[in-house]
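Got a structure here, written out as structure tokens. Questions coming.
Order of writing sets the chain letters: A, B, C and D. Residues in each chain are counted from 1.
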């Protein structure tokens, strides 16, 4: 069994690699995520949610990820660097995994995968966009705004959360649509079935994918990808999520 | 095939019954919903969403309902009184139906069914309740508030909507939890998978079921019922919903 | 100089009265607020914000109040029971006071004074009200909702806060209007100049004054009263407010 | 009496200039606002709110502005191009004016004036800023967010409105602080007395002034300017505002 270690800062690398050695696990170390990671049996990420999102940007087929949190919040991670050992050992032994859907984002510049969300924003910062929201070929809304976020249920606690959206059960297959700074009297988050196809049209826009990739576009089409993100199972994920989000400062 | 007509006001009864006669449909007329309605092949409701909710309070096994709207909004209805004829005729001929989950609400006073929501409120109007929210036996939140609404996806455009909750896809099996006037800095709507069991505990409370029934309680347990609400299919339900809610004045 | 002590529970009475004796201050003790309190030079309230609101319900002309908090939040209080002594002594010595406007609420049943807010609610709990909002004789909005809160700036951290309203500078003379559970797509808090006259009309309603008094009505007129609430000055009131409201759990 | 006409598009110029000729008013025409406008007795703006904001960017001392709306909303304008004549004539004859405070925005790059708002945003679009909010030298809040809007009461229906902020009485001298996409559980708009001094600190930021000017900064200080915006009086401004904002689509 071969493991890839990806780290954000080298500070904690020795502690993690030493522990894997003790467990008799072969590993390679990556200071930066690459598509080679697809070839490993599992991945240990030392960093925060951002590190995991960067790893996922490189992967279609996703080996199970175990996240060791060195930062503050860590919704996607499994353990803190202070005491990751027991949890990591159990994860490798049981090898229980869980998959979370990613959005396939198709636009003029190509296809991309998002675990959290795709944000369509105006290219110019001082101009509103006129966004049209189309679901399964039906236009359901159009509005002037700073942008539109289309998110998975996992992304409901990422950018969509900052926009006042609901917190969605990580195990409810669904797609959220949340406007950014809608210039009108009323506005709501929309929560759709996970198999809907969502299209957002807006001239002179950029699409930001998981906060990691920016492409120019005037139209994005989002649908559930065949390449989910794969994580080691976290038994307390559900309960812990509701606890964590109230403590974000 | 036997039809039951239930009406809110007798004003439009003749027009509807006359049309059913023309179609050769046998019918009985009910000025008030009763459990006898279970024995009919289908129900025509003349009124608004409230009339349909009153009908559903009387039914476990639910014959398909066709709603003729005589009021303003009508999210649950199929046609307006002004031009219901073609839609009703097509509904009866095709007999295509759709089912929407109801919540089974279990509390000290018995068991009840809700298509939209159960609202737990303080018994005294000037006192906050201390509500504890338990999902699948895990307490996920507790807060001081005027009350808590637990809603189906269909109910996301009813009371939960007034509380700022998201608009949920009518075809996404899910349960919403939305606090009423939470006395704290932050608050969110929670959207859960439809098979979760939600328990709300709060001393000195009343439970309001679909705005139609009020019972005293200190604890309600809500889970998806085996008795869904059954409606004639409405092809444009999805698109129309998003259109309608923006026009609520 | 004569002081009135009003207490919520007798538990801490001895500690407070003992300290006043030591300071050589004459006092009378009131287990319940009465209009006699108007005759005293100042009032010490042992309780929470609710105790102070109850006292204010009895007073037109208001002697300066010093609040000793025995509960949790205490936005209106000056000190905690654990260490009130120094602050109370300084308050009495300097006798610096500040005044905050109260709303005069005029309705069919008479006139009332509110430091925080007047909430107009439907008399029946399962029915929406149709509220019309009139400011300086101009109707500025009308909507279906559970109720309407009209609040002072001080009340912006009371019931209006639970409804998602803004936090208003305690020294900005202003009136807030915040709807309760508005059944429409959009809704906003309105913040008006403190000298506006606000009228809310809604059939079959009750008015709740500072959470302490309930009267039946169909129309309330609210204007700044000539009888402000008077408190001993709290130097850190402004900064402390913003700190406190984020910690409300 | 000399008038300056500023227009956004030349389409309606003839109609307006023809009418001024008929009234016997001398005028100069400006396809673009410049600081020369300060020398005129009054200004007629043909455009939308954006045109007026562009004019104000050029002015310290502000002659009274009359806005003729050729676009959709027009909160700052006085008449629509379809029927501006009577209102413009009356305005010139009575010459009744009203002044609205502007914010003086001081930062590393200089001093600027804003009628609506100053928005502090992250320089990089994919990174949150860590914003510290200081009022009268006291830090009242700090948070991670996309940005912070500091607005006048007039600006409460501009960018602050898109962020869910309250609608503020145009005649209530006040300053609003509204966060943009705050990444935490709770968040509120703050409404302060108009004479407060607000400082926002955030590394690697840009300040956007009235949506018209962008400067790099890491700290802005905002206080009421001595150079208000001056408009011809609009008698129905208050009532019309509440009507208009509900109709923004």
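Here, a residue touches a chain if its C-beta (ideal position, glycine included) is under 8 Å from a C-beta of that chain, and two chains touch if they have at least 3 such contacts.
Chains and their UniProt names: A, B, C, D = NAD kinase.
Bear in mind the structure is a predicted one, so any value in this text is a computation, not a measurement.
For the touching copies chain A and chain D, the fraction of interface residue numbers used by both exceeds half; the interface is of the same-residue type.
Relative orientation of chain B with respect to chain C corresponds to a rotation of 180°, obtained by superposing CA atoms and rounded to a multiple of 5. Each chain gets one centre point, the mean of its Cα atoms, and the points for chain A and chain D are 38 Å apart. Centres computed as Cα averages put chain A at a distance of 35 Å from chain B. Averaged C-alpha coordinates put the centre of chain B at 45 Å from the centre of chain D. Those residues of chain B in touch with two or more other chains are numbered 184-186, 188, 245-246.
Taken as a graph of touching chains, this assembly is fully connected, with contact between every pair of chains. Those residues of chain D that touch chain B in the complex are listed here as 184-188. Per the touch definition, chain D reaches chain A in the complex via residues 121, 125-126, 143, 145-146, 159, 161-164, 180-185, 206, 208, 211-212, 214, 245-249.
The touching residues of chain A, counted against chain B in their complex, run 135-136, 138, 140-141, 156, 164-169, 171-172, 174, 176, 186, 188-194, 196, 238-239, 242-243, 245-246.
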